[in-house]
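Next up: the structures, one after another.
Both complexes below contain subunit A, partnered by subunit B and then by subunit C.
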Partner chain A sequence: MFPSRTWRENPQRYRLEAVKCAKHNKVFFPPRRVSPGSLDGSSLKPYQLPNEGTIYTFTTIEVPPSQFKDSAPYVVGMIELTDGTKITCQVADCDPSTLKIGQKVKIEFRRVQTHGEHGVLSYGYKAVPAIQGVTTV
Partner chain B sequence: MVGIVGYGAKIPRHRIKVEEIAKTWGADAPSYKKGLQLTEKSVPAPDVDTVTLSVEAARYALKRAGISGTEIGAVYVGSESHPYAVKPSGTIVAEAIGAVKDCHCADYEFACKAGSEAMFTCLGLAKSGYVKYSLAIGGDTSQGAPGDALEYSAAAGSAAFIMGAENVVAEVLYTHSYMSDTPDFWRREHEHYPQHGGRFTGEPAYFEHITGATKAILQKSGMKPQDFQFAVFHQPNGKFPMRVGKMLGFTKEQIVTGWLVPVLGNTYSGASPLGLTAILDIAKPGDMIMMCSYGSGAGSDSFVWKVTDRIKEVQNLCPKTRPQLDEHKIYVDYGTYAKFRKKILKNK
Partner chain C sequence: MREVAIIGVGMNKWGELWNDSLRDIYVDAAIEAIKDAGVDHVDGMYIGSMTPGLFVGQEHIGSLMADYLGMKGLPCTRVESACASGGVALKSAFLEVASGHSDIVIAGGVEKMTDCSGDDATYALATAADQEYEVFHGATFPGLYAMMARRHMHDYGTTREQLAHVAVKNHKNGAKNPKAQYPFEVTLEEVMTSVMVADPLRILDCSPITDGAACVVVADLATARKICKKPIVKITGIGHATDSIALHSRESITRLDAVTTAAERAYKMAGKKPTDIHFAEVHDCFTIAEIIVAEDLGFFKKGEGGKGAESGETHIGGRIPINPSGGLKSKGHPVGATGIAQAIETVNQLRGDAGARQVKGAKVGMTQNMGGSGGSCVIHIMEVI
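On to the complex of A and B.
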């Protein structure tokens, strides 16, 4: 992947920066430049997403795309953040068989892709279960 | 007053026990546990590295400092496991916490004392008034060659400190640095794992520099070991910090709070800084803390900290260090550990 692709998305991937339409009171993530129903983006204001939420739904990826094959099986979930915004991301540090819908999660900064041994490292957000206790894998 | 305004720690959730590593190499686990005085160590997952741990630690430090990333004027990340050979870790950390773009930034390396190097620099910036708030980080995802003694201890974790002159939680009263050219541990360019001088890492290296720096700062401050409630020394294994503390006149009770290595392992640049975060988590106003790092090659930075009244306001704002060690643990077997740490040779 060319490095400009991930660089361009740093604000949203690194800091969960969204936009909120002042007219419709609606949050957009990834951020949009133009609000639906408007001809420009003047009603869109920067909005910081919270970093806690619950698992809205999830699936376990057993047969992944080639760049994620060493991570299988892994979980991709839809997370409902505490402000009601839903985001999609990997759920890390978890046993897929014990994960539950409604489980509390925290959003953490993680490596998302490595692009082989020589490419740029892509960072971003993943959810991790906000649970206590000890497990064994 | 200049010192720590906010602090944070991040330790990964995965662990491996000494028995699991010893079983793989046909080694005697009780001997290693007794010799190193540690039972398990933290393991970074494939999506965890020095940068990700540092970002999380820095976010906790910002929360305790009560400031936003935009107020940070300098970011220094000390590590010997920066993810890139060429490209700074600090820019990624700064971008992730919003400390861009008017910010000075650099990566530090000095084996295991790269973190305290960053702390020393940030204290200087605060004292001079050159930068209002600066961020110092010590963190590592340490390397240990398969089967080597280091493999039983090389661990992962990161500690972050925001230094400034307002709203200080721990004032720095004195610092002292002590160094020499002592090649006890090194990693050459393009080598994956470090080499070490075995027993040479002890007396002429670790003990010489920690006792040198600590004796000098005691003399400079006119203080005695009994004047401190807590002490934290670099902790490559469980035995060394206890032994050097005893040599210097500190008791086990003063050291045990920041003595994380028995269940964390050696977090290299994060070792004594993480111990300091565990102490700050429970310290009371007026407590005195002695801290001394050690980095091979070799040198030590010592600090005398005095805890302020503000500590009580910030301790519970973020996850503390000990609970991160004792809870949320996921134990892995050696095969999973080897995969996580890329110790398995695969076809290209």
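On to the complex of A and C.
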């Protein structure tokens, strides 16, 4: 894989940059070119996703694809962020047997995978269970 | 549009076919279908195949298959819609015949999945999900369906046992299917203690990795009446729809909008409703998929598919038999061929040729073929005349 493929996703993966459609009052992540049903993107404005949310659903991957061979087992979850946007990412630093739907998580910047035969390091977001009583910035 | 019928069917015994190549398995299935139809020529061919490029390094298979079938020059197109590729090939053949452009067209499907390692196959299949926003994070197909299953259990009280009932029933049917990859029965306990793949889904909740091909011959009704010696099976309804391929982009992950929309379109075209369907071949790539799809096709109320699986209503002889062939679970799932194999089982049932797994009195059948985690769906309703 050429680094450009992962590099171009950096604004989303590093900084959770999304767009919000003024017409539909809806957030799109990753950003897209046009607002649904309009063939026009002028209603889409840059929008920052919140970095907190709850676990909407999750699973523990025991049989991984080739590029995650060394990480299994690992937890993949769907996170509902505080603004209602849903994203898919790994849930790190957790005991899978204690995870619950509805549990609070924060989104952190982590190494996600080592990609392809060239071993390109790819970074992005992972969810981490929020420690009760601690407010994250 | 002209009326269109399926007049010939053919498929291999599916499995790990190490002695046979991609081209061999396709040619075998196509020859069987052409002989079953009794035609002396065909005008065109559509082949559903998800990713022969990743599985065996071969693209451009339309021309390859036409050549190895001994039909060099035949117009032939490969179509792709992930695991719904076969269903979309059938739709394409239907449209070519219905339009009057051709009279006799083959719709086939093929996938050769055991020429690469298991984790390479997992990678190849995962290309049907959102590569940058699901797969990048380590999601796999069992993983995506596992997340749907956990949410379905949370929202509707669906149980682990109910998931297992789907596998038990499909293996019971598949045990009577000589073409099935795994023609044996499994017990509830075996399913529930089998190896974990993606919690809560275990290996016996998952359809297998399979080598296989399947072909049907479709023709306009006038040609069918002239040639066909067996009962003629008409395609009376087609519904096709897409959805976001990323699961997290959908409003709900316990409802498949591509399925509900495709079903609405197919029912409307055929002038049928769910209670008119005598049996259905549905896309049980994972046990939870059969439960959600049975709800979204209108056979059960939303949230009651699990109870339906447990009740026996989906067994042969039940209210709405689902997957009399054994489904993807027992019959196997060479992804591009699955939609065509569903059509073959439907034709066999409607012709009264299904042997020990015959649904008695079946006159109207349905196939539901789905790509990815529900990013595409194509449904056919068929009736015997």
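Here is the rule we go by: the second predicted complex is superposed on the first by the 128 of 137 C-alpha atoms of A that agree within 3 Å, B and C clash if a C-alpha of one lies under 4 Å from a C-alpha of the other, contacts with A are read in each partner's own complex, and residues count from 1 in each chain.
What we mean here is this: a residue touches a chain if its C-beta (ideal position, glycine included) is under 8 Å from a C-beta of that chain, and two chains touch if they have at least 3 such contacts.
Just so it is clear, the model here is predicted, and its values are computed rather than measured.
Looking at A:112, would you say it contacts subunit B, subunit C, both, or neither? Reply first, second, both or neither.
In the superposition, A:112 contacts both subunit B and subunit C.
Which holds for A:67: it touches subunit B only (first), subunit C only (second), both, or neither?
So A:67 only meets subunit C here.
In the superposed arrangement, which partner chain does A:92 touch: subunit B (first), subunit C (second), both, or neither?
First partner only, subunit B.
Is A:123 in contact with subunit B, with subunit C, with both, or with neither (first, second, both, neither)?
In the superposed model, A:123 contacts subunit B only, not subunit C.
Is A:27 in contact with subunit B, with subunit C, with both, or with neither (first, second, both, neither)?
Touch status of A:27: no partner.
If you count the residues of subunit A that each partner touches, which comes out higher, subunit B or subunit C?
When the residues of subunit A touched by each partner are counted, C comes out ahead.
Of the residues on subunit A, which ones does subunit B touch that subunit C also touches?
On subunit A, the residues that contact subunit B in one structure and subunit C in the other are 71, 112, 126.
Can you tell me which positions in subunit B touch subunit A when the two form their complex?
Residues 13-14, 45-49, 51-52, 55-56, 59, 83-84, 92, 95-98, 327-333, 336, 339.
Which residues of subunit A touch subunit C in their complex?
9, 29-30, 56-69, 71, 74, 76-78, 86-90, 96, 101, 112-113, 122, 124, 126
Considering the complex alone, what residue numbers of subunit C touch subunit A?
117-120, 122-123, 126, 132-140, 142-143, 146-148, 150-151, 154, 195-201, 246-249, 253
Name, in rising order, each residue of subunit A that touches subunit B in their complex.
10, 14-15, 70-71, 92-93, 108-112, 121, 123, 126, 128, 131-137
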